[in-house]
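Single-structure report; data block below.
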Amino acid sequence: MKKVGLLTVLLTGALLMVGVFDFPAWGDPYSPANRYLSTHYVNQAEKETAVPNLVTAVLADYRSFDTMLETSVVFIAGLAIFAILRSIEGPLVQARKRTESREKRAEKRDAGGDGQDPDLIVQTTVRLLLPTIQLFAFYVVGHGHHSPGGGFQGGVILAAGLILVAMTFGLKNTLKQFSERRGLAFGSLGVLLFAGTGLLCALMGTQFLDYSVLEAVYPFTDEIMARSHSMLVVEIGVALTVMSMLYLIYANLASHGDMKKGL
Amino acid sequence: MTLAQQAPALILLFPFFGALLTLLIGLYRRSWCWPATVAACAASALAAWSTVVQVAESSNALVTYRMAGWVPPVGIEFRVDALNAGVVFMIAMVSLLVAIFSRTVVINETAGKEHFFYTLFQMLIVGVLGIGLTGDAFNLYVFLEISSLSSYALIAMGRGRAAFSCFNYIMMGTIGASFYLLGVGYLYIKTGSLNMVDISRIMHEQDLFQTSTIHIGFLFILIGVWIKMAFFPLHRWLPNAYTFAPTATSALAAPIMTKVSIYVMIRYMYTVFDPNFVFGMGPRSDVVVWLAVIAMVVGSFYALAKRKLKMMLAYLVIAEVGYMVGGAWLANKTGLTGAIFHIMADGLMTAALFLSAGAIYYKRKSYNVTALKGMFQKMPFTMGAFALAALSMIGIPPTCGFFSKWYLISAGIEAGHYGFVGGLLFSSLVNAILFFRLLEYAYYGEVETPYVAAGKRGKKKGFREKSGRDEAPLSMLVPMWSASLGLVLLGFYSGEVIAFISRYVAEVQF
Amino acid sequence: MTANVVSSALPLQAILVSALLPLVLVALGRVPNWREGASLLAGCLKLWLVVKMLPAVRDGQLLEYVLAEPVAGVPLVLRVDGMGLLFALVASSLWIVTTVYAIGYMRGAKEKSQTRFFVFFAFSLSATLGVAFSGNLLTLYVFYELLSMATYPLVTHHQDANARAGGRKYLTYLLATSVGFVLPAMIFCYVRSGGQMDFAAAGFMAGKVNSTEALVLLLMFTFGFAKAGVMPFHGWLPGAMVAPTPVSALLHAVAVVKVGVFCVLRVFTGVLGVDMLKEFDLGIVVSFIAGFTIIVSSLIALSQDNLKRRLAFSTVGQLSYIILGASMLSPLALKGAMAHIAMHAFGKITLFFCAGAIYVATGKKYISHMTGIGYRMPITMICFLIGTMSVMGLPPTGGLISKWHLLLGAPESGRWWLMLFLAGSTLLNGAYLLPIVYSAFFKSGNYFGPDSERGEPPPACFWPLCLTAVASIVLFFAPNLIFQLASLVV
Amino acid sequence: MDWLTMDLIVARFNYWVYIVLMMIGLYAMIAKNNYMKKLIGMAIFQTAIMLFYVSIGTKKGASIPILDHHGGEHGAGSAHIAGEAALKVGEAAAAFPEAAAAAGTTNPLPHVLMLTAIVVGVATLGVAMAVVQKINDQYGSIEEDEVLKRIKL
């Protein structure tokens, strides 16, 4: 297998290298990739969408369809992990269940959380840190039009906050606050918010995701600003999905899918 | 825009919204998941039919839809022409049939997880439909990943070796998709565009076909797609993955996933690239056709050697991939027509076979071929549908399997490639042996005793053998027979279908 | 020829009668009398529809009906010419007789799953008529394959190990040859002729292939239509004798095997064309194959003790008469070959009916057990004698007429020595059939003798065989219609 | 020699790096026995492709693809290119005025594409890890040969 692998890899590498000979030089502003389609985005995007962050403009408007699907990829991944881990069977599972029940008995005796109680210092720090993290996440989502950021980044930061809580206070306690069902519902609602915005456009008589018609919905806007506002709506949906799904992925992977005991 | 103009997007949006809503509904009421899925799939099939009609009625056989309203190279475009309209309609129909079929098996095999199952199920449909619809090279990659991710999950939900085979599938699938992405990158670096038609235009205008970058890009897209369709040397992941997956998963994935990859290959060969470029490279096309011949022979032989019904069918899928790839690489119009027609015919055939195999499994709880013994008495309708699908696989007229083979063989003769013709005939004969052996089991075999009807497993005490007929429920029989009768109908109307396809084929410049 | 093509739905109706009959049969499955009544009624209706086409066809018209167009330029089309109608007439008239016989036989032998039997019987007849009425090669092939599929459940009717082996052999031979030989040959024709597959008077492939290709095509078609039983692809026919006798009688003496030779005849006349074959002098190859089959099968028949198997090998030989006649490429022989389809049908079905009647009445299958049976069932054995005479070609039976034409065809084609095959085989026919009759009447055996009680088989088995025997004789005196139709080939 | 070093290696340095990275990842995916190592290989493999894409979109001396919000003139991108090269660039600028206007800002499209690819990569990795967990629970090992041995049992 190793030899076959090596041979395949070398062949692939060689083929790729052959391709490189014809590449335009690295960093050439007049290479075909830089002079054709992207010039439209660079030169026109701000005029057409009123968003100076070009990446956001392309992401959430020009190629918003891609992004909607990308969000659903996260959504699918979350569900997939649920679906896969919830059907574990085999000898090791039984063994683990046995140790778990033993632990449970011990737990009852101790009447504590899961396993050891975290350190007081850690708990206090997290308590202090969490609002800041979440506030920053909101900033990243909301200010994504103007600075690096957006729904994915903000969602990941939010999820990181939740995971931090889960690691400090125990998965069980966190799940009490933010249950599995709510996570799944949020994941679905996030994508729905994105796709629903698109559908609204379609219902109002243009193509799916063509935000310009939404000027009728928002107060005091023109067509271009409607695009900008819609991007914010859409990014919030993305953030919602990414947050809840990454949190659920962590919860599942950390607890072998039974949601009992995290890391 | 009227509703009809929205149809290309609606094909995909119905199952997309269906998936999201199914999860939400399922969190509260699991029994509603199945009706929601069926409704979404039915609406999608309706939209697909409307699109087919629009394509047929439009003067240049083309319907486009601009996502987010941007003009194509800037935005993403759905582009339905005579090539993919039929494929998309087939996918939508097969999805609908499998969705109806899945009612009891899903409750049986993935109890408690129905809402996950149906959400992923619809997402898989979304991914495959999207691959068929989109006109954007990168968007296609996203759809590819959507379909792959949901199929990984759906396969890993199975029992036994499912997780192990799923891991192999993930590895191969990722390599395949990444190679595709690399290939698109190579095209992008040379052309600066992501829209398929636009890429094609730029390559023609700037005469980029001589550059090695474009060659390598084409090669990597091809290898990526070949991995996804399980073409001969890259097929190892498929049999295990499809065999151990839950019934409804394999019934959905086997007919549509490999077929849509073949569609992608044809799309790249003939729309994005130029046939003159693809076939103008010396012996390349001949090598591919010979690989296809090996795929047919090897796939059929392995199928013959297997003892598990689903494993047999999975190897037959590999053999059928050989048919289509071979047809597309014979470099003549008849072969292309045959390959496109076979995508539809084979999708329906595979669906019918996997559905009846699923119904047998549902009743017998075993995929072993000996479980088929005496099934003609126990489940006459299921076996009838199976027999009809088997005849189509062998290529007995007037089922559609015969007509697609007709075109493929005549293309082989036209191209003077008698190896391909021989391989096809050989594979048909092996199919005949295979299926008649199965039917013999079903027709003559004594039912294995004790015959245990579904749902009564494990109850050793007070066990009573179920005598008389033990037919699958109506929710299985209806889709099964629709698929099987569809084969005959497609055979009878193959003239119209071919005329439709040839509107695309006629424009290809050989 | 094209000038008098008339569009007509009659051929379709004739096919549909027996294709839709199964629905009725399944519905009436629980009431055997009604079920079989429906079968008979359908048989009469079918014959009536076929006869209705007769006047138009005798006037030289072609009845045409287009079903669908699955392949560009090649529709599924029904087109009735004299040859097709002749075959259809034989098949549909014998269907009625056989239905009556089958009712007696199936009830007499207490067979199970009788509904399934009648259902597939009706399907087989539809496919047979489809072959007879096919207007092009594609349609021919479609119905040919359908016939294989429809007869498989009939062959394996008993569902035991024997039936299974026979059925497997049956499908292996028929499918392997049709998919392996006919399909590629047909598609080759399609590609070569530029998408034109209608049977034409001079053959639609005429002038489009060179002699090597023509030879390969000819061989592929001749062997590919394995239903014609040309050696070495004859093995399925004796194997298929495990089926109930009505099946052997109608299908394996008339419908299925005649479909095979009919297809070969069509290829000779409509596809490759007699003129082209003459030009390349290819007939001789097939002549030798057919001659070989005639002699060898007759020799094998001599050694068979199972009556049905002996008749099966006899059928193999008789089929090759027709192929031989076609390969002589002379008009007279060709006419004789077509007439032989009809003549042999009546003779051979009589023989099979007799075999089945003996089985129903006495349970005997082997010739050695039948010594002296003439004392028990004299009229049946007289009919057997008539059938034997017809197969041998002795007056006053129809067999003579067709054999006569075949014999005359040999010198006409410039190869008089081909007559030797025919003459030799006639002697062999006598050698393996006449002793049965002789020992039936003039010897006494273990089971039967002069003191045996007289007892003919049940009436439903008995009258059909008398009828076909009488028909064999009638055909000797009135062969005009047959020859008139045989000369009206496309 | 000069052409080789300058034009082929230095000017396309990123591309060579991406190929090497990709080969490492691919090798790990195919040849490694441990499932986690395979997954690490997969991550490297996907990252290599991202490097490739992002390299396509770079422009020498250009700023990030976020425009100055107050409508200020963004700097001419070709400022850093000197000498003979500048002359060539000048010709190109004349030929592609739109590209010249955009020369100061990096191409945003590959970034967008790679954002998608990253998400997809993460998702695949997550699903794959779940599958590995399931394999571990079923067979008690994440070494491929061990698992195969246990399947054959």
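Letters A, B, C and D mark the chains as written, and numbering starts fresh at 1 in each.
The rule we apply is simple: a contact is a pair of C-beta atoms (placed from the backbone, for glycine too) under 8 Å apart; a residue touches a chain by one contact, two chains touch by 3 or more.
Only a predicted model underlies this, so the values are computations on that prediction, with no experimental measurement involved.
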Whose C-alpha centre lies nearest the centre of all protein C-alpha atoms?
-> B
Of B-C and A-B, whichever chain pair has more C-beta contact pairs | A-B
Taking each chain's mean CA coordinate, chain B and chain C are separated, in whole Å, by 43
Where the centres are mean C-alpha positions, what is the separation of chain A from chain B, in Å?
-> 30
Approximate Å spacing (C-alpha centroids) for the pair chain A, chain D | 20
With chain centres taken as the means of their Cα atoms, state the distance from chain A to chain C in Å.
-> 73
Per-residue multi-chain contacts in chain A, two or more chains = 16, 20-21, 23, 31, 33-35, 37-38, 40-41, 63, 66, 70, 73, 76-77, 80-81, 84, 87, 89
In chain C, residues with contacts to at least two other chains | none
So chain D residues touching two or more other chains come to 26, 56, 109-110, 116, 120, 123-124, 127, 130-131, 134, 138-139
Should the pattern of chain-chain touching be classed as line, ring, star, complete or other?
-> other
Touching pairs of chains, which are they?
-> A-B, A-D, B-C, B-D
Residues on chain A engaged by chain D in the complex (per definition of touch) = 1-2, 4-6, 8-10, 12-13, 16-17, 20-21, 23, 25-31, 33-35, 37-43, 45-46, 52-55, 57-59, 63, 66-67, 70, 73-74, 76-77, 80-81, 84-85, 87-93, 96, 146-148, 152, 249, 252-253, 256-257
Touching residues on chain D, where the partner in the complex is chain A | 7-8, 11-16, 19-20, 22-23, 26-27, 30-31, 55-60, 62, 64-69, 77-78, 89, 92-93, 95-96, 98-103, 105, 107-112, 115-116, 119-120, 122-124, 126-127, 129-131, 133-134, 136-140
Quick one: which bits of chain D touch chain B in the complex? Just the residue numbers, please.
-> 26, 29, 35, 38, 42, 45-46, 49, 52-53, 56, 109-110, 113, 116-117, 120, 123-124, 127-128, 130-132, 134-135, 138-139, 147, 151
Can you list the chain C residues touching chain B in their complex?
-> 67-72, 75-76, 141-142, 145-146, 149, 156, 159-160, 164, 167-168, 171-172, 175-176, 179-180, 183-184, 187-188, 190-191
Seen from chain B, its contact residues with chain A in the complex are 1, 6, 9, 13, 16-17, 19-21, 23-24, 27, 65-70, 73-76, 110, 112-113, 116-117, 119-120, 123, 126, 130, 138-139, 142-143, 145-146, 149-150, 152-154, 156-157, 159, 163, 182, 186, 188-194, 202, 211-213, 215-217, 219-220
